[in-house]
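Right, one structure below, let's go through it.
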Amino acid sequence: MQIAATPYIWPYDGAVDPAKTALMIIDMQTDFCGKGGYVERMGYDLSLTARAIQPIQRLLARIRDIEGFTVIHTREGHKPDLSDLPANKRWRSRQIGAEIGSEGPAGRILVRGERGWQIIDELAPAHGEYIIDKPGKGSFYATDLDLILKNKGITHLILTGITTDVCVHTTMREANDRGYECLILADCTGATDEANHLAALSMVQMQGGVFGSVSDSQAVLKALEQY
Amino acid sequence: MQIAATPYIWPYDGAVDPAKTALMIIDMQTDFCGKGGYVERMGYDLSLTARAIQPIQRLLARIRDIEGFTVIHTREGHKPDLSDLPANKRWRSRQIGAEIGSEGPAGRILVRGERGWQIIDELAPAHGEYIIDKPGKGSFYATDLDLILKNKGITHLILTGITTDVCVHTTMREANDRGYECLILADCTGATDEANHLAALSMVQMQGGVFGSVSDSQAVLKALEQY
Amino acid sequence: MQIAATPYIWPYDGAVDPAKTALMIIDMQTDFCGKGGYVERMGYDLSLTARAIQPIQRLLARIRDIEGFTVIHTREGHKPDLSDLPANKRWRSRQIGAEIGSEGPAGRILVRGERGWQIIDELAPAHGEYIIDKPGKGSFYATDLDLILKNKGITHLILTGITTDVCVHTTMREANDRGYECLILADCTGATDEANHLAALSMVQMQGGVFGSVSDSQAVLKALEQY
Amino acid sequence: MQIAATPYIWPYDGAVDPAKTALMIIDMQTDFCGKGGYVERMGYDLSLTARAIQPIQRLLARIRDIEGFTVIHTREGHKPDLSDLPANKRWRSRQIGAEIGSEGPAGRILVRGERGWQIIDELAPAHGEYIIDKPGKGSFYATDLDLILKNKGITHLILTGITTDVCVHTTMREANDRGYECLILADCTGATDEANHLAALSMVQMQGGVFGSVSDSQAVLKALEQY
């Protein structure tokens, strides 16, 4: 079974194979979609990123029922000593009033182990699911993600999470250059700006699907009915 | 001297230092902005990418006059045996009628050594400028770019070239995660879709400059007047 | 001040600069030099690796007194779910009677969080020192080490730890290819086989110092007297 | 069919599958085993590295007859502008009287395009074989090797070439950390020092085959008889 998607039915090479496919849930942390987190501190409308929660929840519940389907969560965050925080990233966050490493309502902003850095309860990782901690926007840089995917024989990625234009897109681009076949889900993603969310989805569709294909959770659920 | 830019005057850490800064000119190849190349074969309006040529030319002419300023050109392309071409990238190009590796008006599409793959005459690399050949959209993946930048002590990148939303943005994201301080120039870039070009520039400006800052060639030329 | 070393006084480019130099202490975990750990389970003579403990301790004590000197510890180990463990690495450890992930006297062998995986008490990381967790022999692959070194402006590495021929050497080779200037200390390293330890030190000295230079803790302490 | 090897019959996971296996021939360039090259300039005995030529030739001839077996050659070398040459690597080569980039009897030492940098005639790559150009000792760092292996579905590597303890071993270590299953051939490798050659082979055999297994060309030829 394949998934209805634009610009091409996904994946390009036949039926979805749960053994070779991972659902990636990117940065669904309080810092990016919860009260008192980084995104709220920067003054953005939380509903734009939080709206991805329910669609991911429904999709995740279904996928957890399928034998052999891999689920990978990612978390952006820095070590408490901030050794993995580039100076310009820190400076920028300070300019916008939400300095990484400083105390906020949800603990030290974007720091590992703090409350704001945790994955939200609604999407808490279950036993058997993987978590990738990353210092950057991309999930491949400075992490063991590529090794884990290779060990598991995973070649296809379904991308969800936030924000569409930053961490999800950077991960999708890294994955695509490495030959992974990617699908991004419109309703399971969100950005700090709606126009940027839509543009990020549009960019994927250029050049016959330059980074992969675009779909939504309904289409995935439909395709998974047979499993 | 710093460069007027949005959302912050660039770079964040003081005056532009030519010894630590590289002008990156991404994929200004016939395949992406010339007659008979890949982009034209896919049916896109060439003027959208070709419009970056003249602004880059003017900027490049000025930068070539500054002692110690590094210029790096990149070229997307695949080995003639296509061993570095992921199967899905090939499949997608075939669907859109411009199969990578097939014969086109400018030689084999996106293949190294072919006419379409060459950097256009207007921006031909000069002696002392570097060229990075890359199989993907990002300029860091599977290349020696990071090593060359480190060897030269380069920490700041001014990004130009095409297309804004694909290769320029992927490179900017990779660079930003690695701690490079990046500036993208609006008039020295272009995309196969104008809305995507504008959105790519907008995305950079979120979160206080999540990937760096945005400016144009006039602002850079003004800042470089003192050198 | 420079350090007496073979085949060249280290570093090649002038006095040791504590701000640009890191002491790396590789894999000084119970699994590699303690009772009930991985190396003992494989049947090797513990004294061959444990002998590095005291020399590192003395050097570390001195370096901790120098303002601005960076200390980086590494730990080889795998996630409890073994997702980052290649199948052949697991198979080999099983053949030799010490399967990674299985229960041993010091907990699950080479698994993060277990007792055997901990850094030994004698060399426990102090506040302000960094720890790199790695799934492989090299400290750069699938980790954030390169990012941290870049953020700190570190360009020179003094390598200690175990085992000389496996994790220390792999890390030294990765670092050297990336342009880091490396020094390995004979008395602060050790291998499961003494001849391999000596050969590993010999290999460094070929071709004018193909991976860097070789010294010992006494020479480093002497060079650091001035600080 | 498997290959007799130490410490385990190779590969660990069943019969050799030509579709998943690559023969890697590392740095069989004039600079490392020919008259007037880098190794001779440094004063080493050429016969120690050149002795690998004939065994590789015989093995290569046989493997070229097997449908679907991949052959990958590598070349160490630097761009003519030396931008990819770390400063310490250059300094060391100068100390030993064979400065990389300087004129030697076989052209500029270790520079791409020069005579000394070419693969020797006896092992000249044939049509359909791949060539990886690398600036370092490892074949994975700053190259597209991992991408090519992934594209081809190659998971097993048979390593030959020179020098055993430097470029072959560094490549084997990088490959092993990435999960590739490796075999190194004693008679198809060689080092600038015989003791280091033997020690490099010994190191592989520790810990149940810490980097893979060790064999020779006769054992491989025997195992390939059935194809």
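Chains: A, B, C and D, in written order; residue numbering restarts at 1 for each.
The rule is simple: a contact is a pair of C-beta atoms (placed from the backbone, for glycine too) under 8 Å apart; a residue touches a chain by one contact, two chains touch by 3 or more.
According to UniProt, the chain labels map to these proteins: A, B, C, D = Nicotinamidase-related amidase.
None of these values were measured; they are calculated from a predicted model.
Of all chains, the one whose CA centroid is most distant from that of subunit B is C. Both copies, subunit A and subunit D, contribute mostly matching positions to the interface they share, with over half of the numbers common to the two. For the copy pair subunit B and subunit C, the superposing rotation over Cα atoms measures out at 180 degrees to the nearest 5. For the pair subunit A and subunit D, the distance between C-alpha centroids works out to 39 Å.
Inter-chain centre distance (subunit C to subunit D, centres taken as mean C-alpha positions): 26 Å.
Separation between the centroids of subunit B and subunit D, computed from CA atoms only, is 34 Å. For subunit A, the set of residues touching two or more other chains reads 86-87, 135-136, 141-142, 147, 151, 178-179.
In terms of which chains touch, the assembly is arranged so that all chains touch all other chains.
Residues 8, 11-13, 42, 86-89, 91-93, 95-96, 135-138, 141-142, 165-166, 169-170, 173-174, 176-179, 181, 191-193, 195-196, 199-200, 202-203, 206-212 of subunit D are the ones touching subunit C in the complex.
Those residues of subunit D that touch subunit A in the complex are listed here as 147, 150-151, 178-179.
Residue ranges on subunit D touching subunit B, taken from their complex, read 79, 81, 83-87, 128, 130, 135-136, 141-144, 146-148, 151-152.
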